[in-house]
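Order as written gives the chain letters A, B, C and D; numbering starts at 1 within each chain.
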Amino acid sequence: MFGRLMPESASLQAVLTDRILIGLTIASALILALVVGLLLFFSIRFRRGSKANRHPLPENVSREFEIGWTAATIFLFVFVFWWAASAEIGAYSVPPNAIEIHVVAKQWMWKTQASNGAREINELHVPVDRPVKLIMTSQDVIHSFFVPAFRLKRDVLPDQQTEAWFQATKTGTFHLLCTEYCGTDHARMLGRVIVMEPEAYARWLSVQPEGDDLAHQGERLFSERGCAGCHAPGSAVHAPSLAGIWERPVPLEGGRFATADAAYIRDSILQPGRDVVAGYAPVMPSYAGLLDDGEIQAITAYIRALGSEPGVVRSLGTPEVRSNVPGGVRERSTAMVPGAPVLDQPAPAGPAVRP
Amino acid sequence: MSTGHETPSDLWRRNLPVWVALMALLALSAWAAYWPFGRIDTAVGFAVAGVKAALVALVFMQLRHASGLVRVVAACGLFWAAILFTLTLADVLSRMVNR
Amino acid sequence: MSTTASPTGLADPDELDLRLPVSYLADGHSVRSWLLTTDHKRIAILYAVTITLFFFIGGAAATLVRLELATPEADVLRADTYNKLFTLHGVVMVWFFLIPSIPNTLGNFLVPLMIGARDVAYPKLNLISWYLNVGGGSLAVAALLLGGVDTGWTFYVPYSTVFSNTWVSLTVLGVFTTGFSSIATGVNFIATIHLLRAPGMTWFRLPLFVWAMYTTSLMFVLATPVLAVTLLLVVAERTFGLPIFDPARGGDPVLFQHLFWFYSHPAVYIMVLPAMGVVSELITCFSRRKVFGYTFMVYALVAIAVIGFFTWGHHMFTSGMSPYAALVFSFLSFVVAVPSAIKVFNWTGTLYRGQVGFESPILYALGFVGLFTLGGLTGLFLASIPIDVHVQDTYFVVAHFHYIMVGASVSAYFGGLHFWWPKITGRTYPETWARFAAILMFFGFNLTFFPQFIAGYLGMPRRYHVYPPEFQIWNVLSSAGAAVLAVAYLMPLGYLTWSLLFGERATNNPWDATGLEWRTSSPPPRQNFFGSPRVQGGPYNYHPEGVAPIHDQPRLPSQGSLT
Amino acid sequence: MSSADVEARPREGHPDIEARLREPWSDLETDHATAFARQRAGATFGIWIFLASEVLFFGALFLTYTAARLANQEAFAAAGRETNIVYGTLNTAILLTSSLTMAVASQAAEKGLFRRLTLGCLAATAALGLAFLVVKGFEYREDIEKHLVPGAHFALAQAPAQIFFAFYWLVTVVHAIHLSIGIGLVTRLIAKGRRDPDFLKENPQVEVTALYWHLVDLVWVFLYPMLYLPGRSG
């Protein structure tokens, strides 16, 4: 029964946090029992007209009581503060042998990258009993990286880096949840952390392709050639976001629709004035002659990799909620699908970002 | 305040020197901004603003002669603004140092 | 309740006033006489009507939210609808119900009566404050009708300024407007309590409710302007594209959180201090006992009001705030719990050797003490950084603040409403129904929110409309409790309305209470008192000094008399 | 009011003071002069509470500026150089002078003897307030011509300079709104004072307006080094 009341504990920090929790729960239960017990006892014993002995009230006793319980609460609270704070101070310093993982959050997915460049979406493979340092940033709004089993949570801020670390103590698959409200599909911004034995982790790592495929070239071009200057969220220029549009209908000026496929994206790069997205001014310059075919392919691959899930939706209308249960789509973690098998073994699928 | 034996010139005599001081302080801060000392200029600018504010508050707003209650209210405004500044900047500055 | 032959219900013939009471309710019947009134009592009624409306709007949103959460799947609402509903629930409940609830209804009605004044210091400003509140509320409801807002009541940037595609600016302007209503109320109460106390009403003779309103007003005046600025900055960034917090243009979103919580943490005390004031009045009256440790109760109120301004950072432990600042805020958050604990012990001590009755107001008050204690103790969990890191933005936090803001504050509001109902309306309500509603509310509340502590610690995040299936059991319990709670909240609406039409005429002092507000007719006349109040002693003169109250304690002279 | 009928009790007093007593002060159990003195004190106290609230309002704005400036010192210096110090200094002088005339008007009204002096000083105050807005209008026009409005065509290269100007526009507009309210209040006093010779005499409304006016001035005193003085020496 107790197990059902406590979340799984799978990190060093979890042990510390649970210890404070249990201590505080016991203290609180005692205080609550004292207060409620006295309330009930007094109100029943001294109910109106009862025969209870009501001795005279000494003049100064109230003052001594006040000082007494003020001192007692101060002492208790300072002790709890000291206890909690000392656990926290330890948690701030990252061990030097920690492996580094980069985390990028965006509406509504987690992208992680191991030190050798292996990328995952909504999944994070880590070895057991090794400190892991997370270096996190967001591409749009504030998210929060929460792994309940590790008692780990840290907000992920756009254009700033935040750090956190943990050391898993158990192999297994654990929830990764977003806990800072981030828009429509906040509740579906889920993933899983897969903790593996060191050898299994090494095997897993060795079969991962090491980054820089076509989509990542495209991502680089996207910012180097200035696309991001307008199409990135928060840009001063009013330009449609390209996240989550792949192979989805795009409303055009005049009530028409186009499907955001490779041809449409190529046309939009080379002849941007032709099919302008509804609600936007035709301000984009043509990139004809500035980008060669390979580069256009790379950018297309990047946009494709951004997925066909609704992305940063600012003016493209409200995205459809197509699924009633979390997960089920390619990028979603199966750990969140009710009834799905929990995998201890490395997921057979490679990185999801692949052209 | 004292009784109504004052004349208009008494009023001016009391307030005009403050105005002259304010103008002089304004000139000082404008001039000080061009000193080639960087941070000291900034400090002088805000220090002068503080002195000007004190003059206006004490003389023009009659805080000098105000009841204790009114002075407490004025002090409360400043004290709570100080809480806001101190604790927020404690975070902002220590984050900057860490970066 | 004792009824005597005398029309005023006063035992003491000296205090009999044989002139027919011209009740404030009878002082003009036109719509104009209500909408342009400067009578603090009528303004209190205006506020009561509007906050009741907002309470049920916010409650309807909460009902839909709990309905959706009964299953892990999204089977009632779409994600966007759900997001808009919890935002609506938060915005309406915080700014248009909880903040004005006790101060602007009971406070407006009672503060002048309790201190023996004819009205508040600035009666016109009082009316303006109501119009600001209604104007702000209308903007927020307009935003709802036009399509809603999906940012959460916290309006965190950059989601609210750059990304949300909903009616953020309109809602924010509504909250901005109602902020000035709070400031106006605060200025008014502070000046009233300082300047218009009746002769003999010294500071340490003030009823604790008046002290609570005074400290609340302090927070109104000093915290609300910061919220106003924060919201103004959000509108400027969103509407005019001025870069303030937008990190893509060099701004700092954490700064927004500092400014927001500098207001919104004290706002919690704005909601709970008035409740403490109400409960102090109720417990002392129904245990027929002087309040235990009056001066410590006063110091505790002031301490909470001041220290409450130092603790906002505990909302931001996971935000990327510097760890040094986090430790300071953690420590200060533990400190602010001390005066709250003192108050709980004093309420308990007041019952000791009293003559405790079990009328509905004290049932609400005892419920308050229990729920407030649990809410306050879980606050200690949140002040401990390691636990806060784990439960921040989970249902643990949701449960914690509902225990304080709903369990405690709303219970106290209902308790106070029942206690002063005969005075306000001149009618008595059906006591059996009231007791049943109070007990149902207590159990419904615990059933709704206690499971959320467990779900939260297990890791269920807030603002999720779909959730992993292992949390379902706790959500089902919670939704079931919400249904009970909804019934309990609807019951007073029914029987109190009934009492307005069919209730018995109330006597002037049905509870045999000592405050000055009971020295006048029920309902009071426009000018509050027949004659001029003179205050001869402290509040709560229920029994002689040094002697415990006996059964059928003869009435001692009440706090003041009329000359 | 019905209360006045019920409460009609003989009280010594001056009819002119009685006319200016308002609810609830008129119901106080004292003679009219004392009641009026308390009404006056009440007005002063109330406006000071509101001013304390305003200190927090502008305090929060200034904090936003301070935090942004600490993080972006160079950009703020570069941006501060772009504001027009001549207009800024001129406007500071205008507002400080208006505070002088306002203070004299308030003190003269308090004495109750110098109606013409009070009216003249109030008129000068309102005129100086308008002059400030006119100068500000010229300054705004120049700022727009120099592309100092944050957005796509912003003149300066550093991104955080836009934060400076976001603050500049926001805070000067908020200040101008406050000042316009002040001008309205002063104009109202002038209009009423011209119609009714006794209106301004010892009227707490003059002091309340004056205190508000001074606060608006004080805000500008701090805005001056924030907006016009950074980066001048560089």
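By our rule, a residue touches a chain if its C-beta (ideal position, glycine included) is under 8 Å from a C-beta of that chain, and two chains touch if they have at least 3 such contacts.
Computed from a predicted structure; not experimentally measured.
S.K.: Of the pairs B-D and B-C, which shows more C-beta pairs in contact?
M.R.: Most C-beta pairs in contact, of the two: B-D.
S.K.: Using mean Cα positions as chain centres, tell me which chain lies farthest from chain B.
M.R.: Relative to chain B, the chain with the farthest C-alpha centre is A.
S.K.: Give, as an integer number of Å, the spacing between the C-alpha centres of chain D and chain B.
M.R.: For chain B versus chain D, the centre distance works out to 15 Å.
S.K.: As a quick test, compute the distance in whole Å between the mean CA positions of chain A and chain C.
M.R.: 34
S.K.: Where the centres are mean C-alpha positions, what is the separation of chain A from chain D, in Å?
M.R.: 47
S.K.: Two or more other chains in contact with one residue: find those residues in chain A.
M.R.: 236
S.K.: Give me the residue numbers in chain C that touch at least two other chains, ranges are fine.
M.R.: Within chain C, residues 194, 222, 226, 241, 249, 252, 254-255, 259, 262, 320 contact more than one other chain.
S.K.: Quick check: what residues of chain D touch more than one other chain, meaning two or more?
M.R.: 41, 45, 49, 52-54, 56, 59-60, 63, 67, 71, 151
S.K.: For a test of understanding, state which residues of chain C touch chain D in their complex under the given definition.
M.R.: Residues of chain C touching chain D: 22, 27, 38, 112, 117-123, 183, 186-188, 190-191, 194-196, 199, 221-226, 228-230, 232-233, 236-237, 240-244, 249-252, 255, 259, 262, 525-527, 530, 532.
S.K.: Which residues, counting only chain C, touch chain A once they are in their complex?
M.R.: Residues in contact with chain A: 72-75, 78-80, 83, 150-152, 154, 156, 158-159, 162-165, 241, 246-249, 253-254, 287-288, 292-293, 296, 318-320, 323, 326-327, 330-331, 334-335, 337-338, 341-342, 344-346, 348-349, 351-358, 366, 369-370, 373-374, 377-378, 380-381, 383-387, 389-390, 392-394, 454, 457-459, 461-469, 546-551.
S.K.: Under the definition above, what is the set of chain B residues touching chain D in their complex?
M.R.: 1, 4, 6, 8, 11-12, 14-16, 18-19, 22-23, 26, 29-30, 33-38, 41-42, 45-46, 48-49, 52-53, 56-57, 59-62, 66-67, 69-70, 73-74, 76-78, 80-81, 84-85, 88-89, 92-93, 96
S.K.: Within their complex, state which residues of chain D touch chain C.
M.R.: 1-3, 6-7, 23-24, 27-29, 38, 41-42, 45-46, 49-50, 52-54, 56-57, 59-61, 63-64, 67-68, 71-72, 75, 150-151, 159-160, 162-163, 166-167, 169-170, 174
S.K.: Give every residue of chain A touching chain C within the complex, in rising order.
M.R.: 5-7, 13, 16-17, 20-21, 24, 28, 31-32, 35-36, 38-39, 42-44, 46-49, 52, 54-59, 62-63, 65-66, 69-70, 73-74, 77-78, 80-81, 83-85, 87-89, 91-92, 107, 140-142, 144, 146, 148-149, 151-155, 157-160, 162, 175, 177-188, 232-236, 312-315, 318, 321, 324-326, 336, 338
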